[in-house]
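Just passing along the structure, written as structure tokens.
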């Protein structure tokens, strides 16, 4: 789990809790029916909006994004350079053995196709199709959390409207107006917290993760192309380095 | 009807009902003129906005999306692989007979054109044109529900403004202010429920459905291309698998 | 005038009127200065925003969209098929005579160029340029109504702010506060009605109309291409049918 | 200065003034500190957001858009047809002399390159690059006004929040609450007026102007291409007319 | 540091301070817990949303954008013209020496590849890939500030909701209602100031800066292409001038 996320969640929720406790007890912010309307209602709306399968895989994608470490782009470039050297020295078929040490499914597929003697142009088209549809699936995951971030404030507003209508219909006892309105506002509060402190930043992180993963896959396609065309290693390295920031470029030739 | 939708609708409306009943009777949330302004007014605006024919087909599309089961992409790939084998063994004309077992109009059209000896490039162009305009028609359906989700809160606001103006012009009896305002808020409540719990998630599901259906059609185009070029079955399978998630890929060669 | 629009306008305004009359007389919703600020102010802002010529043609376009019936895509396809047969039997020059029965300027231009012996590729490019700029001009018309739908609520808000400031500066007579605020809200009400029940749905209908008209023109370009290349009529029909929904396809060969 | 803009500004501000004067004196709407916060603050934020040079040229662009008359597209087409005739009769070099009567820098550049014997394909590429970056610079001008239209309501809200906090901290004298809140609302009022009656419509007009100017330049590129290829004048006219509405097309051959 | 930014920050904050001090002391606008919820909470949410590395480099990018002066596009064009002359006279290898005086890493890379005898088409592709991914990284920086501008008002609203609920639950002492609500509004105030006066304009400046930097790089790619093809200097200058405004074009041939 990346540290930033832990610190972020603790900071955001901790500071909110501090602000609450400084002015009152926490109890006045807890109301089970309000929570049910916002959380349950939002999940209900999400079930109408998305197929069940998509919601389940979104949860898995989210878990993966928070628990699995990001791939190092630099290590990937080094690996591709190694494969290039191996292929230039021992022939493309030698990559068959090298595949065992790789655990990136996409790279394995590329190598397998190269070893199988697939036409380079076809290989590139096929890997690019795969990238397009990986992007499609990734964006579906982020989309579900973005939608939840739009649904939950709406459900919060629906809940507050319910509370307001009930309060306005029953204003005989002035002393009850304040607390009734406080409770009515709780659903808006819940909706806002769920959207802004949970769903939106999770959707954001999924998008960032997806970009990094797609960058890695794009570099793999470029690398496979260079390997199959038997390109000069220095040129290949320059091409792969074009995808990353100058200060991250560690040439294997300057070591 | 997919289960998720049923559970979703029951959950969202059930929890809302629970929240209402916990604080008052349901009757104070029912007001026929308010409902007429929001529902009838929204439909009226939709009739100005869209041709009648589009609205009718949107309703049909929505019904279909909720009642018809999604096509299995895996079965589709298996079917295309079967056709490929058949064509390789018995010639392309043998697909004429195979067509009877297919009920996807788009696939039938593709097969018919192949059997008719249509030029592969032309066939691809024609099917892709068809995909573009299917997408256009699908997005029209989702668009109507998205528009309704924008119209109904506006009509709700118009209704609330009417109620507010009437209440403000007539504040002699303080005890009537609360209930008058409660009724004024009902149109906002109706508009919000229609938009957030009905129209928006339906538009969302139509979009998801459309994506799956277009994915199936894109795979059919790729499959037809492979069949017509007499491509190696393993390569063809790899190409078709590029469109779907790795864990969904069930190779017919590993069985 | 298409029936849906009439029903829509009557329904939306009728139900709003009903809601008003049910609670008070209509008079309290009529205020000439408020109407002037919102309607006159919005038109003034529109005159700053758009050239006078564009506004005038937008009104014409809107009138046309509501009064002129939509072209039938099916009839158009049949017409193009007829021309194709004629050209195949009697030569391309025979289309000169056929042009008289056509009243679509775009189709006439295409036929004239074909008869003039224009190079097919050039003809296609020229017609596509024309489609691009028709689209540009159409979207300008819809754009003006979309802008008005954004301007009028803003002017409504400006009017309400004026009323609120005046009311707040003069709160000595409590009994005048309610009615003063009611009047202040009228501009917001007017702005909302103009935007949501008039301008937005008109912009929507213009966009839908534009799409249908551009679809017709795209089909004409495809048809001209088929005619000039002397394509097989069945193939040509298949190509033209690719643009429309399967259930609308009426083949002239199955009759 | 185009008449529509003058009428628009007078109408919008005049009607607003009328609405104010009908209910109170103008003085209660004037508050120097409020105006400073909104106007000065918005300009300050604009200075953080944009380089000083961009802001200065945006003002110039805006002045030009309101003062300079729009180029006539029809006259431009006639001019290009004249050049075409001249070039066909007297050779491309004869355009050297014709250039003196032209005051469109872009057309001069095109003609100069043609006379210099530049390769037609290169000339087209170069002029298209120039169009792309003119568009970029134009959109920068409109962008500054669009941003100001987003900044000024925000500064208005900040000003209103300041006023509200001060009022709420000092509610001992009930009679001062109304006027204090009235003053607090003034910044919101200013922000809304600046955004909706000034900045947004100016940004809109800049965008419309830019489109017309780019259309002229696109027609010039098409015209130069026709001239350099020595194209038939009727065909050239047809190509240029494709960019404009049918009813604006005045053929020089029908005169 | 560019002067406009300093003036902008001083003007925006200065005028806000003036507006505050004119009506009350500054102290009532300072509340440590409110500031912690908005600032700390927003940073917390940013940490969930973005990888830590991205946030750190965003801060660096922002610092650089405010402190480093913009590159002069005119000087860059002159430099490229010099290189072109040198290459035409002394051969492409002579650029090796010229590289020492250059401190733009991107230009150095281009020159190095040219000197290494890289194929011109490959060189262009590689530099364009690099531009694409520089753009990607730049937009990430601006994105973080844009997100903060969306997060901070949300946290402000969460803080205000907390304050409102606490106030409404405890309305026994009417004299405390005003101040309690004033404090509740402070978080909304902070959120609005952070978003509108800090984060949004910084994101805006980063975007403007990025555009200028990418323009410089695009001009370098065009210049390298002209140098490698040994193009006529006047034509090369015309091509480079096409990217900038006519009034900025200073030809080296007219001096």
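All chains are identified by letter, namely A, B, C, D and E, in their written order; residue positions are counted from 1 within each chain.
Keep this in mind: a contact is a pair of C-beta atoms (placed from the backbone, for glycine too) under 8 Å apart; a residue touches a chain by one contact, two chains touch by 3 or more.
Keep in mind that what you see is a predicted model, and the values were worked out from it rather than measured.
Colleague: Averaging only over C-alpha atoms, locate the centres of subunit A and subunit E and give their separation in whole Å.
Modeller: 25
Colleague: Between subunit A and subunit D, what's the gap in Å when you average each chain's C-alpha atoms?
Modeller: That pair's centroid distance is 40 Å.
Colleague: Among all residues of subunit A, which ones touch two or more of the remaining chains?
Modeller: none
Colleague: Assign the assembly's chain-to-chain touch graph to one of these shapes: line, ring, star, complete, other.
Modeller: Its topology is that of a ring.
Colleague: Could you list all chains around the ring, opening with subunit A and heading toward subunit B first?
Modeller: Here the ring, read from subunit A toward subunit B, comes out as A, B, C, D, E.
Colleague: Flag every residue of subunit C that touches subunit D in the complex, lowest number first.
Modeller: For subunit C paired with subunit D, touching residues are 33-34, 36-37, 40-41, 43-52, 54-55, 105, 109, 113, 118, 122, 126-127, 129-130, 133, 136-137, 147, 151, 154-155, 157-159, 161-171.
Colleague: Would you mind writing out the residues of subunit A in touch with subunit E in their complex?
Modeller: Where subunit A meets subunit E, its residues are 2-5, 7-16, 18-20, 22-24, 28-29, 70, 178-179, 181-182, 185-186, 188-189, 192-193, 195-197, 200-202, 204-205, 208, 211, 215, 235, 238-239, 242-246.
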